[in-house]
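Here come two complexes built around chain A, the first alongside chain B, the second alongside chain C.
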Partner chain A sequence: MATERLTIPATPRTPEIDFDFASGRLALRGESYPDDVATLFGPVVAALREHLAEPSDAPLHVAIELVYFNSSSAKVLMTIFQLLEAAARQGRPVTVDWYCDPDDETMREFGEDFSEDLEHVAFSLREAADRDS
Partner chain B sequence: MAATLGQEYAAFKRELDSKGIIFSFSGYLSEGILFSLGEALREKMTLEDADGPTVRRVFSVFVEQMQNIIRYSAEKIVANDGRTIELSAGMVTIGMEGGKFFIVCGNTVRNGDVPRLRERLDFLKGLDKDGIKAHYREQLREAPDEGSRGATIGLIEIARRASEPIEYDFAATDTDKTFFCLKVRI
Partner chain C sequence: MNFNLFDAEEQVIERAQALEARLTALAPEVGAELAELVDGFKRSYREQRRLVRVSDRLQGQLATANQEAERRRREAEDALERLREAQDVLVQQEKLASLGALVAGVAHEINTPVGIAVSCASHLSDATARLTAMVEKGELGRGDFNRYLATATDTTALILANCERAAQLINSFKQVAVDRASAERRGFDLRAYVQETLLSLQPNLKRGNHTVTVDCPPGLMVEGYPGALSQILTNLVMNSLTHGYGDGRAGRLRIAVTQPDPETVCLTYADDGAGIPPGNLPHVFEPFFTTRRGEGGSGLGLHIVHNLAVGPLKGSITVESPPGQGAAFALTFPRVAPG
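Our next item is the complex of A and B:
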């Protein structure tokens, strides 16, 4: 059976990961510069891939609330975005909210780097202060 | 007369201070040291009222530089007793010069790896801000190179956060290894 919910608590150098597939809400929050990116994210990407392999038209909401991530984590995020885009192309409604502080030019620019070739995923840049609304 | 222990180390410290060095570490680096030095670096910069974006840029360059040493130093001890521990020889120096933060990392690389590394760095150095950004976006979408463990994108991230062109050098040694260093100003 596919994973219903995958949660990994945050550490000082890894984000809180909460992929609640059953309710269609996925979130990454905090900082990400793990000592071994494959050990942390391998199972997460595998669970997402498995979930998306099942055809579904249930909406998927993804919240990215990262304040810092290193370049190895960036590669993983790109993989996640590519999986989401492929699912959205097949007709699954996918929204991604990318939260960043208004003064954080770097994270805003990263949002643009990732969203550049998204055609089917509805991507929004949001200010961190809006996250609870 | 030979310098006393105190004189010797006071002179060593004065020399570091005169170069504006805030932290300097030489020896075996690990992910644990990266984490601890990184925390100290952020705290020190925040206490000195460095603005948020500068703290984040310096921290990002620091992490990428440290991870490059940990992964690619040619002098490395790897233990694998259930969890992998990498101890890699190298040095990292962070300081301030002319009102700007700088980070220098140094480590040995195998002679055979020098041409490819030099080619990547030469290419990055020749790009302007928009060129670096476009190159980053392109590499983000590429599958990683064989055996690179993400070095390509790490170097682009470093160049992207720099406020001046990156500086690097290779110093031949009499072995099959070359000393490589990279200086980045934020």
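Our next item is the complex of A and C:
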């Protein structure tokens, strides 16, 4: 049986990760410049891959609320987006909400940039204040 | 000409797409597989573009942060520099102010004996003029002459005493201006040197049956100005004898040397005499502060001691006098005088 929920608390260099597969809510929050991307994100990407491998049409909501990330984390994000896009292409309803501070030009542009390859995923840019907590 | 960072990649994609078209015409199954590979390469190319943008942004932010940090560091340094300058100015002003106070004090002190000498001299001059007039008129009597002699004797004695007092004041004033350049700098054994200084004070100590104990680690070598140290000790001892044991009591003086750390020397000097009233304690190092005005005290002794301690010795001196326990002075200075 696949992982139901994967949670990793935030540290000063890594984001809070809460992938609640059972309820279809995945979230990444905080800053991301880990010393070792593979150790942090390896299990996360593996769990996502495993979850998406089983066909399902339950909706999936992904919230990304990063205030800072390094290049390796960017590559991981793109990998995750690709996995989500593949699932969406198969017919699974997937939404990605990219939260960023209204003053944070950089993060907004990164969001726009990263969504370029998403065709089937419903991607939206949101202001950090909008998040319903 | 337009520069394209990803020119090579785009050319590869174009060639791959051309190849894909040709291959699809020849072998459709292989063409589809190649199309997938070409798609993969295109995605990887887009990701590469994105990553370059991400890392450019991050480096840009880092550079901005560094510049900001550098700017703040410079600002902090400038502020520190300005603070130092302001401090120097203050120190300079304070020196001038204390010099001013000293000069005013000296002028005031010297004014009294000089004033007395001047009025005595003019009195003598008047008396002499009267005597001369009487001699010229041939009216000089024996009584007049004797009166003149009495006046001359009194006034010359007063003139002499007051001029001596003025000279003495000028002498102690000269000592206040400690001439560091002429002071000899050398290495010396502290205990031996303290004992040597006390030896020169023996006549004064013996007269009142005073005893001195010295507690100093043997072989403690100090590099600095022995002359300043001996002047300090002499002043402290003489003060104890004059102010502490005025009633003729035999005193017990103690000198103890400790080293809070190997490069710092702390010399405490204590007597068990009358002590200093709490109200006077804050003033004893001030120039012209004395409780023996008119009895030979100029109030410069401890001021000189203080100047020597902070000047040549580059240290500090403090005073304590718990009621009923005499007076104690703590002199702290670097084992090796800087500069």
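Just a few scattered comments:
Convention: the second predicted complex is superposed on the first by the 132 of 133 C-alpha atoms of A that agree within 3 Å, B and C clash if a C-alpha of one lies under 4 Å from a C-alpha of the other, contacts with A are read in each partner's own complex, and residues count from 1 in each chain.
Assume a contact is a pair of C-beta atoms (placed from the backbone, for glycine too) under 8 Å apart; a residue touches a chain by one contact, two chains touch by 3 or more.
Please read these numbers as outputs of a predicted model, since none were measured by experiment.
When both complexes are superposed on chain A, chain B and chain C occupy overlapping space and clash. In the superposition on chain A, A:104 makes contact with chain B only, not with chain C.
Of the two partner chains, both chain B and chain C are touched by A:74. Of the two partner chains placed around the shared chain by superposition, chain B is the only one that A:35 touches, whereas chain C remains out of contact.
Contacts of A:95 after superposition: neither chain B nor chain C is touched.
After overlaying the two complexes on the shared chain, residue contacts for A:115 are found with neither chain B nor chain C. Within the superposed three-chain model, A:13 lies in touch with chain B and out of touch with chain C [touch as defined at top]. Among chain B and chain C, the chain that touches a larger number of residues in chain A is B. Looking at chain A, you'll find residues 70-71, 74-75, 78, 106, 113-114, 116-117 touch chain B in one structure and chain C in the other. Note for the complex: chain A touches chain C at residues 69-71, 74-75, 78, 82, 106, 110, 113-114, 116-117. Across the interface of their complex, chain A is touched by residues 31, 34-35, 39, 52-53, 56-57, 59-60, 63-64, 67, 84, 133, 136-137, 140-141, 144, 149-150, 153-154, 156-157, 161 of chain B.
By the touch rule above, chain C contacts chain A in their complex via residues 43, 46-47, 50-51, 53-55, 57-58, 61. Residues of chain A touching chain B in their complex: 12-13, 33, 35-37, 68, 70-72, 74-75, 78, 101, 103-106, 109, 113-114, 116-117.
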